[in-house]
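Chain IDs A, B, C and D follow the sequence of writing; residue 1 opens each chain.
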Amino acid sequence: MATLKEACGLFGIYSEAAADTALFCHLGLYSLQHRGQEGCGIAWNDKGSLTVQKDLGLVAEVFPEPVQVTSTTRMAIAHTRYGTSGERSRENVQPLLIRHQMGSMALAHNGNLTNDVQLRSSLERQGSLFHTTSDTEVIAYIITKHRLTSESVEEAVEKAMDELKGSYSLLVMTAGKLIAVRDRWGFKPLCIGKLEDGYVFASESCALDAVGAQFLRDVEPGEICIVDAKTGQLESKKRHVGETKGSLCVFELIYFARPDSVIDTISVHQARLRSGAFLALEHPAQADVVIGVPDSGIDAAIGYAWQSGIPYSIGFIKNKYIGRTFIQPKQGERESGVRIKLNPIASTVAGKRVVLIDDSIVRGTTSKRIVRLLREAGAKEVHLRSSAPPFLHPCYYGTDIDSRKDLFAHKYSHQEMQKILDVDSLGFLLPEQVLKLSDHPSIGFCSACFTGSYPCEPPQGVVDASSESQ
Amino acid sequence: MATLKEACGLFGIYSEAAADTALFCHLGLYSLQHRGQEGCGIAWNDKGSLTVQKDLGLVAEVFPEPVQVTSTTRMAIAHTRYGTSGERSRENVQPLLIRHQMGSMALAHNGNLTNDVQLRSSLERQGSLFHTTSDTEVIAYIITKHRLTSESVEEAVEKAMDELKGSYSLLVMTAGKLIAVRDRWGFKPLCIGKLEDGYVFASESCALDAVGAQFLRDVEPGEICIVDAKTGQLESKKRHVGETKGSLCVFELIYFARPDSVIDTISVHQARLRSGAFLALEHPAQADVVIGVPDSGIDAAIGYAWQSGIPYSIGFIKNKYIGRTFIQPKQGERESGVRIKLNPIASTVAGKRVVLIDDSIVRGTTSKRIVRLLREAGAKEVHLRSSAPPFLHPCYYGTDIDSRKDLFAHKYSHQEMQKILDVDSLGFLLPEQVLKLSDHPSIGFCSACFTGSYPCEPPQGVVDASSESQ
Amino acid sequence: MATLKEACGLFGIYSEAAADTALFCHLGLYSLQHRGQEGCGIAWNDKGSLTVQKDLGLVAEVFPEPVQVTSTTRMAIAHTRYGTSGERSRENVQPLLIRHQMGSMALAHNGNLTNDVQLRSSLERQGSLFHTTSDTEVIAYIITKHRLTSESVEEAVEKAMDELKGSYSLLVMTAGKLIAVRDRWGFKPLCIGKLEDGYVFASESCALDAVGAQFLRDVEPGEICIVDAKTGQLESKKRHVGETKGSLCVFELIYFARPDSVIDTISVHQARLRSGAFLALEHPAQADVVIGVPDSGIDAAIGYAWQSGIPYSIGFIKNKYIGRTFIQPKQGERESGVRIKLNPIASTVAGKRVVLIDDSIVRGTTSKRIVRLLREAGAKEVHLRSSAPPFLHPCYYGTDIDSRKDLFAHKYSHQEMQKILDVDSLGFLLPEQVLKLSDHPSIGFCSACFTGSYPCEPPQGVVDASSESQ
Amino acid sequence: MATLKEACGLFGIYSEAAADTALFCHLGLYSLQHRGQEGCGIAWNDKGSLTVQKDLGLVAEVFPEPVQVTSTTRMAIAHTRYGTSGERSRENVQPLLIRHQMGSMALAHNGNLTNDVQLRSSLERQGSLFHTTSDTEVIAYIITKHRLTSESVEEAVEKAMDELKGSYSLLVMTAGKLIAVRDRWGFKPLCIGKLEDGYVFASESCALDAVGAQFLRDVEPGEICIVDAKTGQLESKKRHVGETKGSLCVFELIYFARPDSVIDTISVHQARLRSGAFLALEHPAQADVVIGVPDSGIDAAIGYAWQSGIPYSIGFIKNKYIGRTFIQPKQGERESGVRIKLNPIASTVAGKRVVLIDDSIVRGTTSKRIVRLLREAGAKEVHLRSSAPPFLHPCYYGTDIDSRKDLFAHKYSHQEMQKILDVDSLGFLLPEQVLKLSDHPSIGFCSACFTGSYPCEPPQGVVDASSESQ
């Protein structure tokens, strides 16, 4: 039950017949809502003219109905945004629509640049203005700069990729083209689906399912995929492909993605089952029941149960009606705890030895509350297992693990952690097991937050500070 | 995955210190949102003066924040409403607040009178006017009529119960009292919780958990519980207690209630596990995996897995962001099916023999779609099990099973059903097993919809028509 | 610039072709918005089935567009409500829709019963319940009671009129009829317009103009006008006509109505010009310019200018964008005064002797602020003239002049008033001149608030108290 | 009753004590709502940190209450926007907030650049991106470009003014300064008010009155006024002052501004009275009554009445509740005409010879409808007088008189116009009289739309086309 913030969901469509463009964006956004609940938007392209509609809020709030587009709207891109609470501002909601004499351009971005500050500063010194605080605007600038000297927008994108460092899966829509890009490390997912009359791009394959598209393949790390409205064909530029061995964020598998998605050929559900099995092998427990913290601990709990032979059951009910704006009670906090969001099923745990699987332990506070709920519900023993290894290093590629000093596993020894959490035993997935969550040995992962080994140079300044503190 | 409509959630509070009245109603409503999503409301009592705030919409929409009440508000009642779509009108949202020289009164009601038409007609002939089409207004009239000749409001309620037929769990709040009533058959649940400084009443015990109240006991069928603001004590009138052996709606256990609730001493989760175990015994299958239709088929699937030894896994992901107002795609329906609301996990079912547990099969259309999704995802065999027996008779006590002619099990033979649903085998819970879902043999159930044996006389006219059609 | 609250606007339509029913209600409500800004609603009749839509708020807020009705909706009634701030509740917004076996009924009411309390109490003793605190519900009950023993709804209305005391202009819509009623005193206006294919009823003729209806005549005091959907003809019941000599509220002419309306054959604009002329004759002044307080003092100021020969000009600009919900500044009140709502034009008044015409002086506070604004803008002399006589008695028929003790003219002598208001001279219309505002000598007026002579018995209890205090 | 669109209202405040910053912006916006009803916004400065809140809608919709600012917010700028309907987009609502390493900057702009296209194109060639289609973003770029090479922001503004052509009154707020600028021609108004503890800038003096500020003086054409938060003093840069003789848009006096405002020492109300007097002298009529089209024809009608000796009266009532979003009836248009927005007072005009004063005649359609309303109400003769001269040339400085081909006076002869409008006589203000609307002979006006004499070079391309068509 991590409360990490990151993700963002991308959805793009090119449909020759233009019958369902708006509807499919609507369905696509709903399918990717779990990747971002701060805001969302759709930019569409009607015969070369771009329009955007977007706002803070859930899909159901911002788009109670599919957007009204004309019957000649063949292209669109859509975005769900996950922002840190401090920056909850309407300006940063995407897609970003910018105007320029080389042609207007809409961008939707999932990721985080590591050289954002340097690029922005350099652009400003040349007279550029920024409306937003997001690095997406920096990307828009870099691409536009290269458009002035390129033969095509995809060439400009290719040149821009030489300058952009960090993570970015990107959809770019111009008057005539729909472009999907994945940074050379492949930090964030992006896949391609085939419609009868066109193509869709999406952060996760569950969005392809939602619109009835056929899964084609993932966009490769470093690849630029182009659908040109003139031909309706899918083309590819691969100069940056193969520059790295691939560094998919392991948290996509453990926490962010939906279990029914397949990312870089890995079934998310299978990966989580596997993590549970690894935990059962590495950290067995004498127990009566295995339960998971909903939603992302459930699959691993089943995997643990299968491997260990201990029966799986339902330990908690999560209240799915608690909204984004739910105000945590003040006076009542002591009494009601988190039981309004999460309530234990006493009959499952009372008098039992319980194996509890959570997706990760970041600051420790949530895990502590959850264990206490189990104790109050009568659990005799609690054996906590985390389907992620201990967090020891900050993430610079978009996941909200900012500073080492708040990281539970960085601050405390194993024994201290067990005591603070009030558990009978505690086990983490091993960093090397992370690499085995896929049965395709060729897939590379980023597990920098566990190992400190960063696939792409961290931001300047930040790096030094981090090194010093070691 | 029944789409039955009924339920309605009740929450009432008396708190001496009056510190958290509004907050606790807020939490209580959130905990009972699953029982009614059409509208909700709160009526509160500040030193004898009653105010109501209510509207169509979810709790998060109607009450983005707890209602603003004064610091002397010690009593309140709250309601979440489930109405049939045709009657979605603001007038019918509860609590109902009525004014009269005997004192104002607020009512919240879960259930359905069977002699509503006769009572209403008789009242109108005496000059009464109705603002709403709901039977709650009839109850208000009957109680008020008796207040004119009673010594207390609870005496008026007791007399009213002589006239009211059908199902009703009821909260009544006057200037000085909070009253909780359950019809003599006990069709609908209602329980009592203890606060440090008062009492709460709620349709389900999960609402007690949400506010940190201690579960005390259920309101007995036929019982009137009174908290008098003068004393703060809980009292009870039991003239109607024991008039029947009790007829809890079995659907509360199978479908309506939250698994973490305990109703009439039965853990809902345990009852569902048990139904799954019964199914495994009665309708075994040679299969590779057991899955449940979320949300209410999950517990029974685990029960089936335990009993049968076939591994339990996750078969579907349900999109929890699809709102009440979600508009089902028109053109896209063929292609996208229900995959926007429910998407199968291919890796769980592809090439497998699957046992699929659903909570019930009413009209058959939903089950048919779900089976097709599994087939498309590669399931080799599908063995469908329903944790409710076949529906053969209409319900007159509030559950939306109106007419026999639409009931799947009434229209078709077992073999026809299997063919229509395209399943390899089909099994239902036996009606006699329903009575064994509780391990307390003293609990009586209403299972009229399976057996045709009605604990309380059905409405006039309707009954005859039903008999004729047999 | 009285801040009296009363009025309420009524609009009803019967249209054979049913082409514009919803649109005409929309336009009618906009035309009568000045009579009530607290809430509004429309009840419509589609082949005998009644529906109501209503809420707190301005027409533009409650009905951003005309209501969606079917093409067979031939009847509707609409209402704009002016309530006292204390009772600003959604329940009291009209039309009131009530259900009964004699047939549903929608009511829209302008006025105030004087025997409301007695009728309500008697009804409650017979077991009736009330949902609202408005006397409209009492009227609904009385009519319904008589429907049980009458041959037609109009006969029931006729019998109800024997019991109802006080002021009421009323629209009643049943499954088959549209009925317009005016109390026997004719306190509140109500007129009839002819459409090509039907009829409209409205509080003021400006609403007839808005929908292009031909003014036919006023509903007579005591008359019941019926349009029967079977025949489409306008019929009339006149048993109560002629029971009084007529008592139109003089404030309709002075303050409430729009200048472009004609009420009981009197042009409101002409009546106000006439009041200004009377003031010029009775209270002349040596002055340089005549100005009026917008909006309702403007016409009388022109009348004063014409009669006196002193030039008329514009003295104040009223900010028409300040909404209903405008929050008066706290700290800024001293400095900004009412200059945000009303700003003097310095070039009109600086160094001038100014005749200032206001519609009335109730509590004196507004007049005092306005005079101060003129002084600050440089006016040399201010001669205040009120186009209403001094208020000395409370109104029991709907106008918000509640208690004698707050009435400026009751508390202070003429000299004291001049001093408090800081004016060089002060003049009121004479009570006897009120009767001459019409050039039709047959029209009777209620001027009880000036004379204490009440056309219809004041409420019990209240009367005595008022007598004692004399 | 012109339906010209232009204006935009500016309001800026520096208040040492910071007690009322938000409130005064609120009042200021309300006072300037008549200048722009499409959208509005406020940008505020809390200890150097800038925040903006803005949206499409009226002040009462966007800011139901004053914005929540901290108690240390000493500076703010606010804007009401009037846009052409085609561009009604949220992006273009102001103030514009841009971010840059030289410091963030908020801008509010009233006017229209004539070299917008050239500047934008040149900036884009250097790699700049635009988020909006408004020329305000161009201004932001030009200022920012110069900030990189200037010692202060005011120096950058001064340099930017060398490049900017066309009309602009401008408020600029940086971390430390509040700056007010008026283009060297002084097309749009801008004035300075003194608070006890600071300064306000506003498009019109009525906004100073609303917040209780003392009118200090107008910003001079070409002047840059600076309030530095360090000193709280008002300073001025005047390099561009005196570069032209001044060209205040004459339409500010005739139509846009509020009558209670004083612009460049001219009372708007007086200027309008004067235009009416000129009309009476130049175009006398034998008539019984003078009426004006509300709101902006009223003052001139009084001026005409004074000069001619013909009595002034009220001819029309304007419905002030018809909102921005009011949907003009479709079927009903023929019958109800504009009588829902504007209804004649029959008693004023029936059987009379009427002088009708309108502020201007642009396309002729509105005037035609209004004359027809008078005829239908019984007017015997209608003598139409326009307080603006005939429009013959497009405006390039912001007023929405785009193309010559739609201009009524350009298309038709005087006799044709009379016939089309169905008036007995027709008279316009003479272009030379426009210059005499002020009694200060030193004030220069722009009357290019009447004379074709453009104070500042029209946009390239457009000019040629215009010349050709002559």
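The definition used in the following text is that a contact is a pair of C-beta atoms (placed from the backbone, for glycine too) under 8 Å apart; a residue touches a chain by one contact, two chains touch by 3 or more.
Here the structure is a predicted model, which is why all the values come from computation and not from measurement.
Undergrad: Determine, using the mean of C-alpha atoms as each chain's centre, which chain is farthest from subunit C.
TA: Checked the centroid distances; the maximum from subunit C is A.
Undergrad: Would you kindly tell me how far, in whole Å, the mean C-alpha position of subunit C lies from that of subunit A?
TA: That gives a centre separation of 61 Å.
Undergrad: Let me have the rounded angstrom distance from the C-alpha centre of subunit A over to the C-alpha centre of subunit B, please.
TA: 37
Undergrad: State, to the nearest whole Å, the distance from the C-alpha centre of subunit B to the C-alpha centre of subunit C.
TA: Distance between chain centres, rounded to whole Å: 49 Å.
Undergrad: What positions in subunit C touch 2 or more of the other chains?
TA: Residue numbers touching two or more other chains: none in subunit C.
Undergrad: Quick one: do these chains touch in a line, a ring, a star, all-to-all (complete), or other?
TA: Contact pattern: a closed ring, each chain touching exactly two others.
Undergrad: Within the complex, which stretch of subunit B touches subunit A?
TA: 19-20, 23-24, 27, 30-31, 33-34, 58-60, 64-66, 206, 209-212, 258-260, 262, 267, 269-270, 273, 298-299, 302, 305-306, 311-314, 316-317, 319-323, 325-327, 329-332, 335-337, 339-340, 343-348
Undergrad: Looking at the complex, which residues from subunit A come into contact with subunit D?
TA: 97-102, 120-121, 123-133, 137, 140-141, 144-145, 148
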